Amino acid sequence: MNYHHVLERIHSEIVSLSPVGKVADYIPELAKIDPNKFGFSLSPVGGGGPVEVGDATERFSIQSIAKVLALALALAGGADEVWERVGVEPSGNPFNSLVQLEYEAGIPRNPLINPGAIVISDILISRLPSPKRDLLAFVRKISGCGTVTFNEAVATSEACCGYRNIAVANLMKSFGNIRNSVADVLDFYVHMCSLEMSCRELAHTFLYFADPIRYNRMGSDFLTDAQVKRINAVMLMCGFYDEAGEFAYGVGLPGKSGVGGGIVAVCPNEFSVAVWSPRLNRKGNSYLGTEALSRLTTLTGLSIF
Amino acid sequence: MNYHHVLERIHSEIVSLSPVGKVADYIPELAKIDPNKFGFSLSPVGGGGPVEVGDATERFSIQSIAKVLALALALAGGADEVWERVGVEPSGNPFNSLVQLEYEAGIPRNPLINPGAIVISDILISRLPSPKRDLLAFVRKISGCGTVTFNEAVATSEACCGYRNIAVANLMKSFGNIRNSVADVLDFYVHMCSLEMSCRELAHTFLYFADPIRYNRMGSDFLTDAQVKRINAVMLMCGFYDEAGEFAYGVGLPGKSGVGGGIVAVCPNEFSVAVWSPRLNRKGNSYLGTEALSRLTTLTGLSIF
Amino acid sequence: MNYHHVLERIHSEIVSLSPVGKVADYIPELAKIDPNKFGFSLSPVGGGGPVEVGDATERFSIQSIAKVLALALALAGGADEVWERVGVEPSGNPFNSLVQLEYEAGIPRNPLINPGAIVISDILISRLPSPKRDLLAFVRKISGCGTVTFNEAVATSEACCGYRNIAVANLMKSFGNIRNSVADVLDFYVHMCSLEMSCRELAHTFLYFADPIRYNRMGSDFLTDAQVKRINAVMLMCGFYDEAGEFAYGVGLPGKSGVGGGIVAVCPNEFSVAVWSPRLNRKGNSYLGTEALSRLTTLTGLSIF
Amino acid sequence: MNYHHVLERIHSEIVSLSPVGKVADYIPELAKIDPNKFGFSLSPVGGGGPVEVGDATERFSIQSIAKVLALALALAGGADEVWERVGVEPSGNPFNSLVQLEYEAGIPRNPLINPGAIVISDILISRLPSPKRDLLAFVRKISGCGTVTFNEAVATSEACCGYRNIAVANLMKSFGNIRNSVADVLDFYVHMCSLEMSCRELAHTFLYFADPIRYNRMGSDFLTDAQVKRINAVMLMCGFYDEAGEFAYGVGLPGKSGVGGGIVAVCPNEFSVAVWSPRLNRKGNSYLGTEALSRLTTLTGLSIF
């Protein structure tokens, strides 16, 4: 498969589309981003990458994409507690809804919506000696990139106006599903979401979830084959909030989006891919990013279905 | 009407009932109360009161009953803002539900459920120069009792574990319906709920809502006749959470309950009444208090219907 | 109280208001009505009525107002079964919502929303030897008017397009809360709603709920004092769907509206009243009817609060 | 891969498990089935099948599995109308819930929950000259089995007590999303659900969704590659009601269950599989069937993730 031709063709088609959607503006720092950025990077299983076009080496705020990494770290440290405190079902609701939490006793539907990622944060800060530093070390290890770091301005910016997340965390605490102080949990959470990576770095990182040889190389103390496959299942079912079905139907790959405009996706045994375009659709997913990935699976004929 | 005989008869019947329900235990300080306390005090319009039996002069935590007083104070200071930020409909849901808030853009259904009273608190601290002191001054004036005060231990106790209220306040703040800091608003709110009064003091206070001569005496700068009647309407529709219909049906008076086990009720032009018994039914309303008031309207034939 | 002056003043004020709202059009027969009709009739307790203005003697489709009469008939025949199968709480939802039914095992919140009135219909056709004829006989007796009858064209019109009611009835049947065939129950229900009465006839009928002497004269085999008061309580809490609080707050009387544009209301020991204006507000209640009643209680100072 | 050994190992493990769950009893005819039946059949892509153990050639009621076949037939006749009237999102609710329908204007979340399959039925009877006969012809063609037929007793049994489905269909009709008479639509629907097939026949039928060569052989007038993949996506997201995430996580294959105890699943380019065990878990999916498929993907290492 000549991925280079495919990505270039998609790039040329994409840039000719009229701009649709708007940049996330509820986090002041994110609102400043140039809406016309477009990066696209693909890492084939078995090597030959990175294949990339556009702003593929420029870092951006990965936001909710980090939830997958936090989940992986939490599962590596013991899966039982995770699945007692978070479900694996699609939510069928917006990413920050409190309704299900109230009806379902403070147990989030899955670890990739905000409430679920906040519980994962709580689990991690209970387990990790230096939570933020340890998370960073893990992300640097799995990404193979020692300079990945938090953006303190973004973290502060999100913390300042994140009343909905404070509400979510306190509601779960009222049910006993948050064990640490809400302030500590959300400090960890907003730092996690403030991680900055480029498409190249993200595609390389998520190759871990596409390539059994790679994830076996991480060592036996990390995730098992079965756990990696299950993280992929969770991404497919839950990675796009109430647009998960649309993404599975139109793209056909496990993936995860962030309000910074990034999307990662995984085609097991074939490739991992990351795309970045800051304009979001009504559901909070990158408009052109989704479009690019849909064209990728159509042109290559590669999807999980 | 010989109210004395009526109250004594009810008292003697009530004490022979087997104890049902349990004392509120989610606020540690309230859990310590003697569950067998029973106070009952009635103030007839036109004088002749107080008529009382049992522990009618012992102070207890009035809790949500204070929401009516806060509403009165807020309406006196300008009704338009109040009704733009809070509705007048029964909620049909438990007192601390977040579901409707999320569906209805952070506007609470009415001022007597927790979210509504928190918005009223926000309005009051924006308006009052010294919010807690000014509230206390108002309550002392309307109750005619200069020693009424907050119970700091109860306020602290509620603040410590009130994660649900923190969630509610932050959710409303995310919709722009809380203007001050959540910490300040909830500090005011928990103090308001920590007010301690006796049945005698409560019945005397709520005579204000039953006796036009009394409320006209408060001075023209306070509530109008129409406003007093409307507060009664709100109490009837919303004073007992998702048991409002049951109370209207079984008792037939506007009223308000608190998790401290108190209930006040008003029969316009006839009497005001307060009853206290700490054991609560499943909906959070005093079990014997409701029973006593039901017998009161049956024996006297006096209700609003 | 010179009710004549009051009604004439209200009438002259009302006609000068610009027309707002629209006539119910989901039932084809109702859509044909002249939107500018306005009738208003008041029956004082103790005699002196009818006091009336406008089209007070013209019959119209009373629609949901009939639910109160059906409830009265059902309670007269045995209250226990009624309250096992229907609640007394406000619904906080539109009149034909299925959501609560699904969450609450097919038990409607109250007898004045569609699902509740359909259960009442089911109870009545199980009890009455000739259900429709017996209902008509009862309405003729309580209204004192032997010519009141069903409008078959309206009944047919509603039956034809009442998919929502068929859905409601089948959902309740799936929970076991409808015992007869859905077709029979809805045939009774649409006939009941098709009853035609004038404001004068309605005010006279509902005097029954305002005047203890009148309802005691109906005979000891009918409703007790307590039952009449409780029907008034149910009207206040539930008579205006999700606008019940607004009506209690703005008007302050127990009452019931119908999509034909009629509203009845009761001021116990003072008067009963009926008003008719076909234009409805967004909640399905008569726009000018509500306005007229609000002015009535303001001008007379008579309400239950 | 020696599928024979795998299936035999699973069979021997499964039979030693203690019986859990209960047979569907809301449809009288289904309640009569022997709960200890167990059939398992696998069709490898590229031939070599069927591989099977247990009661793999005994026919049973496929129930909701038929929804996938109806969807395929509807898509083949024109996809645009399908996706205007039904969504592709997981419902996150039980299979027969009305709540979302009411909130979402009568548009079902996806075609594999009851409301969605009822809309698909409505589409098909509008399009097909002899709807039931034409459906049967299609199923016989895709299954390669000319004796597959409806079980009239099961269809009648389901029609008689399917009040919930009547409610669902009428609710959607009130929103305009059912075009034919509810009686006709549900007659088609219950016949479709009454289809009887064996595991062998089901596995062979669903090989169509696993094997591109096979579905290309159906002819260019049928589904495209992309449509087949999308049906697989819909199965994965929506095939197990509010247990879809659990199945994706635990099994990792697109599939569909029926209350008759059958489950089909598809591993694209590898195999199709059908399993039958009538005892259901709380969510209405076959208990041992799910267990068997989970072991299948674990033992073979073959899943879509």
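Just so it is clear, A, B, C and D label the chains in written order, and each chain counts residues from 1 on its own.
We take it that contacts are C-beta pairs under 8 Å (C-beta built on N, C-alpha and C of every residue); 3 or more make two chains touch, one makes a residue touch a chain.
For clarity, every value in this text was computed on a predicted model and none was experimentally measured.
Touching subunit A and subunit D at once is no chain at all. Seen from the C-alpha centroid of subunit B, the farthest chain centroid is that of D. A straight line joining the Cα centres of subunit B and subunit C is 32 Å long. With centres defined as mean CA coordinates, subunit C is found 55 Å away from subunit A.
With centres set at the average Cα position, the gap from subunit C to subunit D is 47 Å. Working note: touching chain pairs come out as A-B, A-D, B-C, C-D.
Per the touch definition, subunit B reaches subunit C in the complex via residues 87-93, 100, 109-110, 225-226, 228-230, 232-234, 236-238, 242-246, 248-249, 252, 254, 268, 298, 301, 303-305. Chain contact summary for the complex, subunit C toward subunit D: residues 97-99, 102-103, 163-164, 166-171, 173-174, 182.
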